[in-house]
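Comments concern the structure below.
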Amino acid sequence: MQPESVLIEAALAVIVLDLTVMRAKDLRSRLNVASLIGALAVVIAAVLAVRNGAMGEILNGVLNLDTLAVATRVGVLGLTLLVLGIGTGGAKIRHPAEYVVIVLCAAVGFMAMASAQQLLLVFLALELASLSLYVLAGFDKSRPESAEAGLKYFLFGGMAAAFLLFGFSLLYGLTGTLDLPGISVVMAVSGFHPLLAVAMVMILVGFGYKAAAAPFHLWAPDAYQGAPAPAAAFIASASKLSGFVLFTRLLWGSASQGQMLGATPGWVPVVWLLAAASMLVGNLAALAQSNVRRLLAYSAIAHAGGILLGVIASGRSGPGPLFFYLTTYGIATAGAFGVFHVLEAQGGAQNLKDLAGLHRRSPLLAGCLMVFILSLAGVPPLAGFFGKFTVFAAALSPAGLGSPTGWLAVFAIAMSAVGLYYYLLILKEALVRPAAAEAQPVKVPATAALTLVAAAVLTLLFGMFPSLLLRWF
Amino acid sequence: MSSLPLLTLLILAPWVGALVLAFMGKAGAKASRGVTLLFSLSTLALGLAALAGFDPAVTGPQFSESHTWIRALHVRYHLGLDGMSLLLVLLTGLVSPFAILSGWKNERDVHIFGALFLLLQGAALGVFVALDFFPWFLFWELSLVPAYFLIRLWGGPGGTAAAYQFVVYTIGGSAFMLLGFAALFAATGTMDFRELAALAADGRLARLLPGAAGTAVFVGVLLGLAVKVPLFPFHTWLPSAYAEAPAGVTMFLTGIMSKMGVYGFLRILWPIFPDHLHAAAPCLIWLALGGIVFGAWAAMRQTDLKRMMAYSSINHLGYCLLALFAVAYATGRDGLTAEAAGAALAGALLQMFNHGLSAAALFFALGIIEERSGGKRGIGDFGGIRTAAPVFAGLCGIALFSSLGLPGLNGFVGEFLIFRGAWGLHPVATAVATLGLLGTALFLLTFWQRVFHGPARGAGVAFAEVAGRERLVLGLLAALMLLFGVLPGLLTPLINPLVTSWAGHLTLP
Amino acid sequence: MSLLPWTITISFAGAFLALIAGSRSAAAARGVALVTALASWGVVLVAAAGFVPAKGVQTLVDVPWIESLGIHYHLAADGISLVLLVLTGLAATAGVLFSWNIEERTGEFFAYFLTLIGGVYGVFLSADAFLFFVFYEIAIVPKYFLIANWGSTNREYGAMKLVLYSFAGSALVLAGLLWVYAAGNAGSFGLPELTAAAATLGHPEQLAIFALLFMGFAILAGIFPFHTWAPTGHVAAPTAVSMLLAGVVMKLGAYGCLRVALPLVPDALAFWQPAIMALAVVGIIYAGLIALVQDDFKFVIGYSSVSHMGFVLLGLAAGNVQAASGAVLQMFSHGVIAGLLFAVVGRMVYERTHTRKLADLRQMPLYKLLPFAAVVFVIAGLASMGLPGFSGFPAELAILIGAWQASHFWALGAAIGVFVAAAFTLRAIQVSFFGKDDRDPAAADAHHHYDPISLPEKAGAFLLIAASLVVGLKPDLFFDWITPALQSPAFQAVLKGGTP
């Protein structure tokens, strides 16, 4: 049995249960029960994914379960668990069952993205995930910002999908096949065609939008700001992980097949520019933010730059560094949004000032936030540091500064020093500034507390023992 | 010679006293004073003990102590005593107790004053007996600390600025001297004075530190010493420091600390850099003359008695340097005779000793005047003190005339020898130096006349006669001046073999 | 020796315990912190007692850590590390003693404090460049919270500036290390392997790598013109943190220069030497002159730190064993003395008078009001001026000797720096404690009564003074450790023999 089916069955179970047994219960317990079922399903799915292992091609080659796919599946499931966990920590969600169901659907989409080996399925998976995320972004109907976030995300996402689709159709037209290995074979034979460049550009633009890489990042701050925190966490973590894994696959293929679009000349400078622009725009714009969520959005843009660097580098070094970066970044950023989610219910967490005195109001949240933010900033011994480190090492290898990639890595290192500034702004509020006079201590629901602590521990653990993740590759 | 580490004891005895005093805050002023004086006298006692065991015929260091200290820098704890050192140790032993007696009436933080003073005394002694740069420099710099606080805390209203200027100037010079020795060590691997002198004597040093580097090192060391003496034009710190310090401290500053510089010239600069000194001598001689003449004439323009005496110190120490520079100048030239050189050098050594006594006596007297008049020390504030206090005037007169160089008093001996020696070595400079003699005579006599003679005026009216402690100190000092004036032979045996050997090493034409 | 890794463990464990203890009572947190600091220092001293300098670098722990990158958890110690470990233990202990009066969020304070200490121990023990870097960064971040939370003047600004500078410096270091690792195909982050890898690179590349590494470290060491974080950071920091900043954190940079930058690319020093010596000497003099005209007492000390660290850099850049051994000794010496100065200014004076303006301090006969502080400050000031008998003197002397061998001109500049240091230190002594006589009638009404100096303060002060004196009078204690380490094969390519 494949883990995806477990999730879908669980989603159905959640709906049914909610409509029948739980109908009369209060929102809180409905959410808890739904989340619990979802979480159980996720755990089972993860166990299955691991036990199935790298099965290779299945379903006539529609899915290819190689190591990266398995790792990504587990990663996505882990992040989904995290998102479900933090979802229980905050304000009441109006339709808890639907919320959990959509989260699970999105997870299915992400998992399919990680393993799809056929353009049609790729697109379907992408759309399944994206549509779920659009809904999640607009899920909080009590706040107009949430609707705005959903709409914006939808419009930009839809456009990105159009670009991708166009690119895919060109690819199909050029090669006459939808199978990724087939495409790679044809491309290797037929050589370069101008339309291939067009297809490449389309796909890059499409992924650029999805990943919020500059200059296609404009939706991200609004979406991150308006969406409910768990949704934002999901958008920033699991979505990024699976999206970039897919992107890498389209470029570099997988171990069993030849290089794909990566063989197309001229794309590296484009991605290089996207990466550099993302780091620059993200880091500089983040400096000026007073809204903590927008700040994290710009930080996400900056990280997208670093991840793109990892994409370039993974052609030579394999996907290990990229995967490590994506996973640990996802945990940290989802964790941070989880903290905001808890806070939002009790006094808000939009402005930096809202975090003031967190160390008094909830030492636990403050401690977790410190771990997440410092990990995002790339401070050892937290996981974010090693993610950056291994990506930069891959990018600098083997030519050092002899290659443009090397220079980009140095630029990224310099930019991470800039980044520390705004990350410290968050921590300054949370750990240094005194609380406002009327501020109350924060009550953290046990599930959310457990989730956040687990995420923080993982962040520390992966940082101290990166081999835990890296040894898969 | 006993196996007792006599020189270490010599240095440590005052420091032990300082340590004792530091914890005597509650013991009362009287006890503190007594302890201070007692420990201060240790120097005289140990100095006399050293004198008893001293063999004048040996020109090298005696009572040597040499132990490895810092292997990494080849530093040795190396002490030794030769005639010159012994002379200065004895001078320290004499002047220090008198200086303490001068501040006897001080009531403020007596134990701290005593501790600082004894610290200063020990450091000065260390300078006179250390033979390795490292310990020497330790004592040299350490002496500044107590001096600074003595001037700052017990000095006059301008004490703050004066003390700051004094220390910063001196350290400024020392910094370059330190660099000089760092460079010497870099080139030779040793900082021992005697080893360096030996290297210099056989010409190896010139090969190890050739050209401009050698010159730079020489200039560095010269600067450090020149500020301390001070050599004109590095003297500007001196008048205010001497004027602002309490009388007892000024006695020590002029009596002992200014000798540290001259001692350095003779112990360090000359033996280690004979060629450089020879090359620089034509220029340095004029600086020394500048000090002599300028010091004398500037003293004449002073209305503040303490500043007048301060300038007189510059003048008197100029003679010592003149003698040395003249010898260095004449080395290898026509006109150098071992006899002339010997006379000049012997004169310089005696001048150090004698100036120490007479200047200490004069500042002691000025302390009395200041105390009696409630802080006045303008030359116009007094008159006719002799009428009211004939004994005081008489004893002061002895000190004044000793300072002036009247035959029969000790001051004469040194100056005479210097002039006699220098005349043969550098006649022009010696001739010009007589201008300084003239100036000295003029301002000292003006002092004598305006303050002690004529109708009683200002604070001179009903000037209380010296008695007890004051009379004892001034009397003793006057007796010593007479004694060494009449019988210079008491001192000359200590230094003659040394001076002869120095002169014997000179390159004769 | 095999005990040394415990210093790291003890410190981090202590940080955690202090955090827990702090939620119960401040006193408990203090106790935990003191015990931790003493225990780790004790470990160092026990190890030092059994140390045989001739053995060279002694590996303590070496286990594979991240196999795929060839990274090892490799701890080792030689004489140089040992000197700095002794310093760290001393500074930590004194720092705890001088922060005895922290009442607010005590547990957190000591948790950050001990984390910092643990990181510092780690840096001094690391023999793997990656590990080194990890500990280096661990030591940076707690500073921010320590200063921003418990600091004084402009604390948030000072903290931010300090951490950003440090981080920028470490970014340069990271770039340099990765460059060597990746471009040289080192396959390992062990320092010998990296050195071999660097040797395969072209000369211009080596020069660039050296510049990245040295500058990156030197920023933390306070090199001119990137020193500006130091004074503002020191001024903002609470006393104990100022002590640590000057005492050990700036040493991290200098230690990195010595341990990593110099041996890794031995051929590059010759090219950069004039520039580094120039920056070091300009820094010595410039910072000294700035210190001469400051009105904030802590700024004076802050700039004096920069000036003294200039000597360290000068010693490192001179490229001979003599100067480098002086530099290591100066690291120790400055750590102790600057700690003492900050303790007097920040803890003894500021927390009683509530002013650090020299203009205000000179209006009170402070030496009468706080005689103990005055004596301590005078001693510390003299030591800082490089008075013989204190630890700074043999260090400066050795640096001057070595610098003279490298360049007469810059050695002369350093001598001028010695002079300037004397001038500003003396001015600080004079204006702060001896500004006003108690004889002055105007001073009579200023006779406040201040709390007497407490026992922890006295203990800390005695500890530091004793350390400076012992090392000053018997520098061979450390020279015997340092010199063999510098003559070891690791440094042979970059440091010239030593004494003739």
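Should a chain be cited, it is by its letter among A, B and C, assigned in written order, with residues numbered from 1 in that chain.
Note that in this section contacts are C-beta pairs under 8 Å (C-beta built on N, C-alpha and C of every residue); 3 or more make two chains touch, one makes a residue touch a chain.
Please read these numbers as outputs of a predicted model, since none were measured by experiment.
Enquirer: Between the chains shown, work out who touches whom and classify the graph as line, ring, star, complete or other.
Expert: Shape = line; chains linked end to end, path left open.
Enquirer: Closest chain to the protein's overall Cα mean, using per-chain Cα means, please.
Expert: Chain nearest the centroid of all protein C-alpha atoms: C.
Enquirer: Measure off the straight-line distance from the CA centroid of chain A to the CA centroid of chain C, and report it in whole Å.
Expert: Inter-chain centre distance comes to 42 Å.
Enquirer: Per the centroid of Cα atoms for each chain, what is the distance between chain A and chain B, given in Å?
Expert: 83
Enquirer: Enumerate the contact residues on chain C facing chain A in the complex.
Expert: Touching chain A from chain C are residues 65-69, 105, 108, 130, 133-134, 137-138, 140-141, 144-145, 148-149, 156, 160, 163-164, 167-168, 170-171, 174-175, 178-179, 181-185, 201, 205, 208.
Enquirer: Flag every residue of chain A that touches chain C in the complex, lowest number first.
Expert: 320, 359, 374, 379-381, 385-386, 389-390, 392-394, 396-402, 406, 409-410, 413-414, 416-417, 420-421, 424, 427-428, 431-432, 466-467, 470-471
Enquirer: Looking at the complex, which residues from chain C come into contact with chain B?
Expert: 322, 325, 378, 382, 385, 387-389, 393-394, 396-398, 400-405, 408, 411-412, 414-416, 418-419, 422-423, 426-427, 430, 434, 437, 439, 474-476, 479-480, 483, 499-500
Enquirer: Please give the residue numbers of chain B that touch chain C in the complex, ascending.
Expert: Per the stated touch rule, the residues are 69-74, 108, 134, 137-138, 141-142, 145, 148, 152-153, 160, 163-164, 167-168, 171-172, 175-176, 178-179, 181-183, 185-189, 213, 216, 220.
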